[in-house]
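Each chain gets a letter, A, B, C and D, in the order it is written, and its residues are counted from 1.
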Amino acid sequence: MANFNYQDIREAAYESNMQLPKLGLVLFTFGNVSVVDRAKGVFAIKPSGVPYEKLSPENMVIVDFEGDTIEGDMRPSSDTKTHAVLYKHWENIGGIVHTHSTYATAWAQSQRDIPIFGTTHADHLTTDIPCAPPMADHMIKGNYEYETGFQILNHFKDHGLDYREVEMILVGNHAPFTWGKTAEKAVYNSAVLETVAQMALLTEQINPNAPRLKDSLIKKHFERKHGPDSYYGQQ
Amino acid sequence: MANFNYQDIREAAYESNMQLPKLGLVLFTFGNVSVVDRAKGVFAIKPSGVPYEKLSPENMVIVDFEGDTIEGDMRPSSDTKTHAVLYKHWENIGGIVHTHSTYATAWAQSQRDIPIFGTTHADHLTTDIPCAPPMADHMIKGNYEYETGFQILNHFKDHGLDYREVEMILVGNHAPFTWGKTAEKAVYNSAVLETVAQMALLTEQINPNAPRLKDSLIKKHFERKHGPDSYYGQQ
Amino acid sequence: MANFNYQDIREAAYESNMQLPKLGLVLFTFGNVSVVDRAKGVFAIKPSGVPYEKLSPENMVIVDFEGDTIEGDMRPSSDTKTHAVLYKHWENIGGIVHTHSTYATAWAQSQRDIPIFGTTHADHLTTDIPCAPPMADHMIKGNYEYETGFQILNHFKDHGLDYREVEMILVGNHAPFTWGKTAEKAVYNSAVLETVAQMALLTEQINPNAPRLKDSLIKKHFERKHGPDSYYGQQ
Amino acid sequence: MANFNYQDIREAAYESNMQLPKLGLVLFTFGNVSVVDRAKGVFAIKPSGVPYEKLSPENMVIVDFEGDTIEGDMRPSSDTKTHAVLYKHWENIGGIVHTHSTYATAWAQSQRDIPIFGTTHADHLTTDIPCAPPMADHMIKGNYEYETGFQILNHFKDHGLDYREVEMILVGNHAPFTWGKTAEKAVYNSAVLETVAQMALLTEQINPNAPRLKDSLIKKHFERKHGPDSYYGQQ
């Protein structure tokens, strides 16, 4: 047994990665969760291409915000640089999740924002779920995963979105990324996104002219859970 | 261990709440069941935002028909006032369930009644499953969950529906509520609603001109189960 | 413990009924299987409205071909007379299954035959899966379940179908019935029907002009499994 | 206990066959996996029509590249000759899988290639997933399963596809075949195909004009996993 540092984020990353198959969000190795340690400027992330049943806290890889491995014998997830860019620029997030969950990925492939149709959506965010366009060719041919991070950052900037309020995005033609103050919250957001994505598709199938949720309901439901006078959950 | 009263409804509420994840009707904490004690004028309901695996009879919250907590250290479900209004005005119901189950919620988001297409539906009610419109802005901005209860009561009144015969409703843009003489029946109704909602969507996809069930079949199937000469189930 | 007769068909009916929830074909008590004893002129069938987890060989009800109970303290399934009519007129069937499985029921509600689109279907039957029209009002108002049996018999007669080759039907606005030489085969047919029903819907969604399977393939696949020179399975 | 040879491929075939029900790719006996031993010129394949729970390494059937049984008391899968033809002509494959998985089969029934809509697809192959047309009547009436193998070979030849890069095909009106360097990889490909097939259908439902993935992204994602500079997974 080697003597590993970063035990807290290793264990948190391991626990959160193991939630993905339990929640039905991943097939085989399609997905990864990371957990950051802001004080040390590193995050723990799933090793690349390793089946969930072979994961352990010990084989999580420790990476810095440039995407360089600090500790670990295995290669980190191929999406590591996307995580690194987000941690570097968004200082309030504690965990990031990437999956190819079925319905969210179908929306990403459709290159459409997910319209806000109901309170299940409004309990979590007040806008449509954004879908960033596919990247420009020069970004793809270059440092692809690094540029994916900037595609996300720029989409938020260009559309006036705040990553502390909208904790999820679809990358066009690719798949979703979610985040949160903790990895646990980021995983929760991935499951919520998948459910909301399925409900939105079904809603359009039942009524192709279904209206978006009206502003008063958006505001009410979000404030129930998130406003200064929130009254959902325990204090 | 504190010394709790209302043990019967605590246990019944706990058992019924635990049925929701088993029946696939809830993700995380999206749902709640309550059980009333008519003699004491109170009901037991799930605490707000607590995961199902942490529920126990002891942490169910006891609330009166004004929605005020009578016993319990935790906040009751954020939907508590909706339950309170229904118990107060509909004296024959013993339990209420609220979920965001996928297909029923998609119909609610579509703001359409679920058409009665077959006997699976008619075995349980003889009308389309009603969808109340989204509430007026002043109701939303005010005492929202309390007004949700009145939105349901008024929709039944305006459409001549009897809550003893139609034990479920969709609240437009939101999600379903179901009820019954017991919480067990209300949970059963939630699962039936989800299945009927899925079948109705599939029916329209297979045949966009599918006709509603004819009156003679509606009558027959409902009376098999519910009429004075019912012959379904044991005596 | 009472001293029961008909132990063989009781146990076979019990075992086959218990397959329905395992195969995902029923919710709560929506479904029933019966097994016939031709020599004694009776069949064993699920009691009405009893949850699957409370079934036992002992509480199966023994009924004759007129639908009258021969042995058993409980009411037989409300669909018992339909089973009785089919056993009486179709002497080569050993078991019957009725479910409200989701996709098959959606086709029944759509009042459409399920087109033969592929070899999964052709491995089991060479025609579209028939959907009998909803019954005439006088049949519904009269001895409904008895008439349901005749609706099935007459649809087969009118369309030149042979119940030994086509072991399933959709009853319009209602749900499927399947049968077979044994109850095990009838249960198998219910699961095959549900899968074929789902595939057919998806096929039309992917290609609204998808052609029906051509005759040479229909013939080949059915004969692989069922013809005099069949070579599927063990001898 | 008989004294069996070919123990390695028996065990590998058994293990891979048992993965199919675990991955939700088969109902009852609908599916089969084979594993080849190139040195001995034989492969091990599932016996025909035997339920998965009764499989064992011992009842796998050993067959040569003409489709003749070399060892085993049971009949091999009715699709054995298709496997034999592929092994004979494609010398780099180590395992073959045939299933009737729901979404892939629906695409096969629709007689459409599955468009490449996203990176989930591009991580595995750079082209649409090919759908071979239904066979000509004389091929069906003749040595059907043998000709199915040639239908696959010819479709690849006619469309300039390389079986080492495109490890899956839909046979029109029938169902998918997948392969790989190992049976484990072939099973993996079957599960990937089913997921990609579902995502592609959902994508078209969300956006009927969804564009195919652009070339730069196709190239990037495939090379991440498969090119000379691949950086997915461990070395």
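Following the convention adopted for this analysis, a contact is a pair of C-beta atoms (placed from the backbone, for glycine too) under 8 Å apart; a residue touches a chain by one contact, two chains touch by 3 or more.
Note that this is a predicted model, so its numbers are computed, not measured.
Between the contact lists of chain A and chain D, the overlap is empty. Judged by shared residue numbers over all numbers used at their interface, chain C and chain D contact each other through mostly different positions, with under half in common. Note on chain placement: the centre of chain A and the centre of chain C lie 46 Å apart, centres being C-alpha means. With each centre defined as the average position of its C-alpha atoms, the distance from chain B to chain C rounds to 33 Å. Residues of chain C in contact with two or more other chains: 205. By the touch rule above, chain B contacts chain A in their complex via residues 27-28, 30, 47-50, 74-75, 78, 100, 102-103, 105-112, 134-135, 137, 140-141, 144, 173-175, 201, 204-205. By the touch criterion given at the top, residues 117-120, 188, 191-192, 195, 198-200, 202-203, 205-207, 210-211, 213-214, 216-217, 220, 224, 231-235 of chain B touch chain C in their complex.
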